[in-house]
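Residue numbering begins at 1 within each chain, and the chains themselves are lettered A, B, C and D in the order written.
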Amino acid sequence: MTTYPTSLGTSTADEIRLLGQDLTEDLMGSVGFGELAFWLVAMRRPTPQETRVFEAVLVALADHGFTPTAIAARLTYLSAPDSLQGALAAGLLGGGSRFLGVTEDCGAFLHAVVSDLGDELPTDDAGWDAVALEAVRRTKEARRFVPGLGHPVHKQGDPRTPVLLRIAEEEGLRGPHLRLFEAVGRVHDQVLGKRLPLNGAGVCGAALADLGLPVEMLRGFALLARCAGLLGQLAEERRRPIGMDAYLSVDRNAVYVDPES
Amino acid sequence: MTTYPTSLGTSTADEIRLLGQDLTEDLMGSVGFGELAFWLVAMRRPTPQETRVFEAVLVALADHGFTPTAIAARLTYLSAPDSLQGALAAGLLGGGSRFLGVTEDCGAFLHAVVSDLGDELPTDDAGWDAVALEAVRRTKEARRFVPGLGHPVHKQGDPRTPVLLRIAEEEGLRGPHLRLFEAVGRVHDQVLGKRLPLNGAGVCGAALADLGLPVEMLRGFALLARCAGLLGQLAEERRRPIGMDAYLSVDRNAVYVDPES
Amino acid sequence: MTTYPTSLGTSTADEIRLLGQDLTEDLMGSVGFGELAFWLVAMRRPTPQETRVFEAVLVALADHGFTPTAIAARLTYLSAPDSLQGALAAGLLGGGSRFLGVTEDCGAFLHAVVSDLGDELPTDDAGWDAVALEAVRRTKEARRFVPGLGHPVHKQGDPRTPVLLRIAEEEGLRGPHLRLFEAVGRVHDQVLGKRLPLNGAGVCGAALADLGLPVEMLRGFALLARCAGLLGQLAEERRRPIGMDAYLSVDRNAVYVDPES
Amino acid sequence: MTTYPTSLGTSTADEIRLLGQDLTEDLMGSVGFGELAFWLVAMRRPTPQETRVFEAVLVALADHGFTPTAIAARLTYLSAPDSLQGALAAGLLGGGSRFLGVTEDCGAFLHAVVSDLGDELPTDDAGWDAVALEAVRRTKEARRFVPGLGHPVHKQGDPRTPVLLRIAEEEGLRGPHLRLFEAVGRVHDQVLGKRLPLNGAGVCGAALADLGLPVEMLRGFALLARCAGLLGQLAEERRRPIGMDAYLSVDRNAVYVDPES
């Protein structure tokens, strides 16, 4: 007989258990939603300090306006208004490598470098700068991008970056990933020949990694945050629709091109 | 020139705005994630009392263990581990009428009855019982189900129901939808001929409706809650996989049936 | 021990069976893809005549250019180019009630009327006109739309409609659903007070219903057809991308609106 | 003014164009569905010989019974029967690297080797064997798998492989990718130390590459084929459901594990 082990939800006729807790006695009304989301993945309850940083990240990532994913969700809702879940899913499916993956990529990049250091973490900025310089150099040599650098709009600096660093500092959670990320910000121009801002998606990845969350799941938190943002987009699409205009602005300006050309 | 109005995210080179607020100054570190999710849909910031009830609902709905949606997400992850967003989307796509729609259906059912009452709300339980009796009667006559009644496992009572009622009472938010739902619980057997428990999905819909959230979006909150639960399921699938066993338990017990039969 | 009956694919070490056939001996190289799709749903192999009508429907529905679903698929590919399946799924999720559902709605509408007639089908156009007049009248009285009527672009007549009727006639498959649909086209203005063209999605639904396919699955054939079209859209997005322009044309013309307004 | 170039669907009030053709005059009733799918991606109409090989591939890939993707689609349908498109999309989302990606991976692997050869293709089996030996050796040195080798069930040989080779030979389309694939089958044990069968997904990838289809889109054809198969699965789930049993077989055998363990 195959059995299926789990530490998540189980229930009997009288009781519902989740994460080793009694759902109704221990969790409902006592645990915040962000706190629970952290717990569900990390298998430990975050401290209030961790929860504040974690929720600040989710708030930062929730909505960026008319992104491709928001437009895709609204167009899907236009076509299939009977299925809110379909419109939401369509929006989340854009959460891949390019627009929503930076958080995970940056967290994973920093985590790989920090893990290699083992217990010998630098104790000052100069030490972190040396580590960062080497990491950026190797990344460039491998012809890969350093994740978390640059932004199409916030060219002089992403306003989220200093704020999240401040919040992490306030909560005693400005750990090795954030310190390394700051060092990357200080030294990358020596290798890349140009100065780029540390972007918000990147600093979020660094902060999540400092919270000890598994780096393979970081994209998942960006998706959770975006889920709330997409609900806002879909609620607005109901109140003040733009999907039809967005569709027609493409369709009416279609130009036929000979397939041979 | 077509323009696209929005009250959600917009940004300039220096500033990111969301919901009429400065994202970094007013929201990050100051607003919880559940609070923001409420705000994004309702277009107003919830009070601390409203936030506590709202998050209790999200916590109640986050994970119910090996539901069809959780299994679908895990099987999708098994097949396509390179795309976390795809596995999450597959899980959310099960958020339709049958397993995740009760919250919305129940909220909408109660909201229709409460709206018909206008300003003349009952002032005591007897008054609500009369309203509920009439509503259940009409629903039965239309050969439809009263949403929020019955549960396959919690046959003697869903433990979430009294707890959410208590939390709403504590926060001064046990409003007309919850009162009507309780009345449905008291009187339905007079019409249906059997006594069924008020289920957790239903009481969540009633509580969300009492928070003034648009009933057409209630399914969206169930999906947001489930998004966190599915991340927990997928993180567990990484740590302690069951997808392959679940798949093989079906495939190995397949029995070919003649198509003509 | 739970077993799982199926008439679709099963295999042993030596043989792969599908629909009661040997996949490699009986199907590969002998059965067309459209033919197999029909067979998989209807559980019987279509005749060459049925296959021609069926494939004409799929060809008619495959691509309609820059529809909301095509744009959603391209925007999702822009965001997550690593997951072709995600972009395709996002496009298909728009296959709901509004843009892709007409085929199913029309087939179901006609099928309900034809089923009510039992064996007493009209034998001439005048007979069908009477049936159609009554059906349109009842639909209007129920304040519902008659599916398959009207088109935003082809206001004077959808060019697909006469062509599909001709093909069905050529193959001896212009059955009761198509005849009733034609009759709706002749008489609806007597009830609705205006003359609308019979649209292509509607005639496809009628033709599929005449092929004996289950009306609850008709949307599925529209989705299959669209799957091919979306692959074309995504291949073109690789060769000659428009997703970024479509996204920017919305995002750059965003106008912030006070949420209170 | 932004314009959006396309060679796919466009329409005026009187005419619908697709791929430079008049949809109703040139395509409906004249072009098969598989033929059109090929044309939409390759931007050229396939010959009858190419169509036969192409459709044989689609037939081979359409359904493999109770795969994880088929079960995910059925479970999603169980949860949300109101949204066929959602169940179909959930199934397709499993079309990733592991279960459905072999076709694309194998085609891409072979294409890279063949492209490197330029015009100097081997003229006999011995020549292909040398090329294959070198390719397998380099792949193993890079610690990667050779795609298209091995099968969990068909350990002594996948019955699809010889049949597809025969069909391609009959149509004069057994080109360099198929020849190289056969050579891989002859020589790989010299490098890998064990003899594995050439699997059906792999030979399909080789055949599609020999048809000149873009290797980055090969996964798309596997998805199209699977789309038909999933419709069959969902139609069967309506007729003879197994989703509830599959779900309960997991849920009833859930075993709670302490999260700390």
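Structure notes:
As a working rule, a contact is a pair of C-beta atoms (placed from the backbone, for glycine too) under 8 Å apart; a residue touches a chain by one contact, two chains touch by 3 or more.
As the structure is a computational prediction, the values presented were derived from the model and not from experiment.
Where touching is counted per the definition, the chains common to chain B and chain C are A, D. Listed by label, the chains touching chain B and chain D alike are A, C.
Chain centre most remote from that of chain D: B (centre = mean of CA atoms).
In whole angstrom, the spacing between the mean C-alpha positions of chain A and chain B is 24.
Here the spacing of chain A and chain D, counted between their Cα centres, is 32 Å.
With centres defined as mean CA coordinates, chain C is found 38 Å away from chain A.
Counting partners per residue, chain C has 2, 4-7, 10, 65-66, 80, 82-83, 85-86, 89-90, 93-96, 100, 240, 242, 246, 249-250, 254, 257 as the residues that reach two or more other chains. Of all residues in chain D, only 1-7, 10, 17, 19-20, 43-44, 80, 82-83, 85-86, 89, 93, 250, 253-260 touch chain A in the complex they form. Only residues 2, 4-16, 18, 23-25, 27-29, 31-34, 36-37, 40-41, 52, 55-56, 58-60, 62-66, 83-86, 88-90, 92-96, 100, 153-156, 159-160, 163-164, 166-167, 170, 214, 216-217, 219-221, 223-225, 227-229, 231-236, 238, 240, 242, 245-246, 249 of chain D touch chain C when the two sit together in their complex. Contacts from chain B toward chain D in the complex involve residues 65-69, 71-72, 75-76, 78-83, 86-87, 89-90, 93-101, 240, 242-243, 246-247, 249-251, 254, 257.
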